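A short worksheet on the structure shown next.
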Amino acid sequence: MWTLFQIEVYKIFRRPRTYIAFAAITGLIGIIQFGLKLDGEQYVEFMMRDITSSITIEGNILNGYQVCYIVLQVLLVHVPLLIALVAADMISGEANMGTLRLLLTKPISRDAFLVAKFMATMVYTLLLLIWLAILALFLNMLIFGTDDLFLLKSSYIVLLRENDIFWRYCGAFAFAALAMSTVAALGFLLSLFANNSIGPIVATMSIIVFLTILSTLNIPLFSYVKPYLFTTHMIGWKEFFDIKVNASNEALSGTIQHPMRIVQSAMVLLTHIVLFLLISIWVFRKKDILS
Amino acid sequence: MKKIRLLVFSCMLVAGIQAQDMTPLVQKVRAKIEQVKDYVAVGTMKTDVSFIKAPIGKVKVYFKKPDLFSIKKEGGISLLPKGGVSINMSSLMATTSFVALSAGEAVVDGIKTRVVKLLPMNENSEVILTTLYIQEATLLVLKAVTSTRENGTYEMTMQYGAYQQYGLPDKVIFSFNTKDYKLPKGITLEFEEETKPLTEAEKIKNRKGRVEINYSAFTINQGLADAVFKK
Amino acid sequence: MQPLVKITALTKQFGHLTAVDHLSFSVEPASVYGFLGQNGAGKSTTIRMLTGLIMPTSGEIEIFGLSLAKHKKEILQQIGAVIEKPDVYQYLSAYDNLQLFARLSGIRPTRVSLMDQLAQVGLADRAKDKVAGFSQGMKQRLGIAIALVHQPQLIILDEPTNGLDPQGIADIRHLIIHLRTEMKKTVIVSSHLLSEIEQVATQLLIIHKGKKVKEGNASELFDPAKTVVQLSTEQNETAWAVLQNSAWQPYLERITPEGIILKVDRRQIPALHQSLVQLQIPLISLQPRHSLEDYFLQVTTPGYVDTLSN
């Protein structure tokens, strides 16, 4: 099993395709950083135009923490595509190359093979998020410095103190890792059903887009299914950036407004991951390798 | 209906003309305040606006005669009512050209006060009208309501303690009106969730913002460079 | 002697299509088992079932005396297979591919031994090159190196000569003979070409539409006493009539648009040729074929069967 896992990780990182995602993230973050470094003040003014009519905001709003939040907000919607690029190719890509039949004539159990591949997919997903964290958080902390985090939510504003932010990002990245793992698990499952990777990649993205639309729409009919859709919970990382207030509306450092929401969302995502993996194992056990 | 309104207006006007000139009282209060040429104060600031979740922050407040005033937070981001930052007792009375009229008496925090309307003579003044609630015995302003041209009306309530001989408060509460805050969820990239609509009473309450500064110590008349006030 | 591979009533259905239909056969140790059938006959499906790639709908597969369904891992440890195309990781070098699959086969060969294996298939000088740039023949040789890297007892080669040039085909043929005679390995080799199988196989199975149509020892099936000759003349009907009144009458089989079919001993062909000259039959061609080939063509070529029935 360990050997299989090592081989799978080795294979992932020997493929040029793997680095597309890393390059894409680097490029995207680079562009955002460049833009904000150059024209950040205007962007902040634009974002703040509604509240600056009654409130004066002083301080370094566009600091590293803020830029990281902007990056995550923009990027985490698109990272699933990059995840799907590799995850949805895990089995289908081998089928397409013809290596799947060679692999499975080797003395390895299908379950072990599949789990090893799944774990390698998770490693890829995690490394991608670590790379994202390095660029979006640590690099931005270096470039833009650190300060309080001023966040505009749809119905209120949150101001987080500088010393109360880093742990939230740790939590947010951990949660994002879980959310992206769900995408990876879905892509992985779909990769079992095709002999080329385009189909599963497109299917994974289509499902995510479709479910995200359902999650976004505020139609009563859909509100019954929304809590069960993994897409509804994928933006749960934002909950780390909401803070509790006491009776006199004073924000309490180190608190999270809805910690249970994070737990619930994490449970939903985890359930999806386990479910996708179990279905994958079940399907793969019975699968005839015809490629 | 129109007649009644006209009558009430006339009465008010008459009352105003007959009002006692409160300039001496205001001058006394001013004299007390003017003992302080500059100060540096440390304290905490709390922003209490319904749509803002902000923690209490430590602030340093700098003042220098005649009207230099600055609230600084070291390194952090601060939220203050627009234009209200510079409003403090000294700046309210910095101008010498005003008309001070008595508007009766009122009770503030259980203390009987004299209500004084302060009208700037300068027509271009940003401040249109200031109402001061002065405790005559101690010559302390307990409450001030200022209407400005650009930034609406502010209310300032002050509580005094250790530094009352200088006319410096321990606690200042600014109240101000805020606009409704709402951003589309598409911009903030949030999903719709079911929220109970606010009642009218809540909405009105929500439009009131407060900034509370609690001073813990003042360093008075130790000299202060103008550079401190530069941004 | 216990057979190395024993297949009993093996059946595979894909929906309504029965790809393999109650197929039974057994493979003796140290033999080359030729698996013959046209494309789509069920060869690949059977071979994939033998290697665990496809689950049988019903039937039993026993290899090394063990049930494949129950002891897949142990069995696969002793099998090396090249199924269809020898596909490997294009983005890895020949050496990396060989090493990777060796590890998957449960062994950790040394660098020297891996290079030695590559040398045996003539790829030593290309060991560090990415497979993406390899020719079909080089890939096939690498595929065979991968199949043999863990010294398996049973080697399964599915259409190993597909896409190869004549030299490549000859190399594969020599390799198969070498594996059996020198290394005492058992080889199952499938092909849709009898000519390939006849030169290497010791046992033979012809399948058609998923069913066994012929099985036996190659020496019996390729018996020279059972040679079919096709005569092509200027006027086949006239020639047929002449031959009917000759000493060759008992050997006459049938007449087809292509010519006259006779079944003779291979050693009688010179005499037949002489008689044709004496009988003044204007001969265009005389093609000797194994009766097995004739038979194979009959069962596997629909057109051929049709001409027969006419």
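Order of writing sets the chain letters: A, B and C. Residues in each chain are counted from 1.
Going forward, contacts are C-beta pairs under 8 Å (C-beta built on N, C-alpha and C of every residue); 3 or more make two chains touch, one makes a residue touch a chain.
Bear in mind the structure is a predicted one, so any value in this text is a computation, not a measurement.
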Worksheet item: Where is the C-beta contact count highest, in terms of which two chains?
Response: A-B
Discussion item. Quick check for you: compute each chain's CA centroid and the global CA centroid, then name the chain with the smallest gap between them.
Written reply: A
Practice prompt. Report the inter-chain centroid distance for subunit B and subunit C in whole angstrom, where each centroid is the mean of the CA atoms.
Written response: 98
Item to complete: Return the distance between the CA-based centres of subunit A and subunit B, expressed in whole Å.
Response: 47
Worksheet item: If you average the Cα atoms of subunit A and of subunit C to get two centres, how far apart are those centres in Å?
Response: 52
Worksheet entry | subunit A-touching residues of subunit C, taken from the complex the two chains share | 14, 48, 51-55, 72-77, 79, 81, 83-92, 96, 100-101, 103-106, 143, 146
Practice prompt. Quick one: which bits of subunit A touch subunit C in the complex? Just the residue numbers, please.
Written response: 3-4, 7, 10-11, 14-16, 97-99, 101-109, 286, 288-290
Fill in: subunit A to subunit B touching residues, read off their complex
50-61, 73, 77, 147-148, 150, 152-162, 164, 215-218, 223, 232, 235, 238, 242-243, 245, 248-253
Worksheet item: Of all residues in subunit B, which touch subunit A in the complex?
Response: 46-57, 73, 75-83, 85, 151-152, 176-179, 181-185, 187-192, 194-195, 209
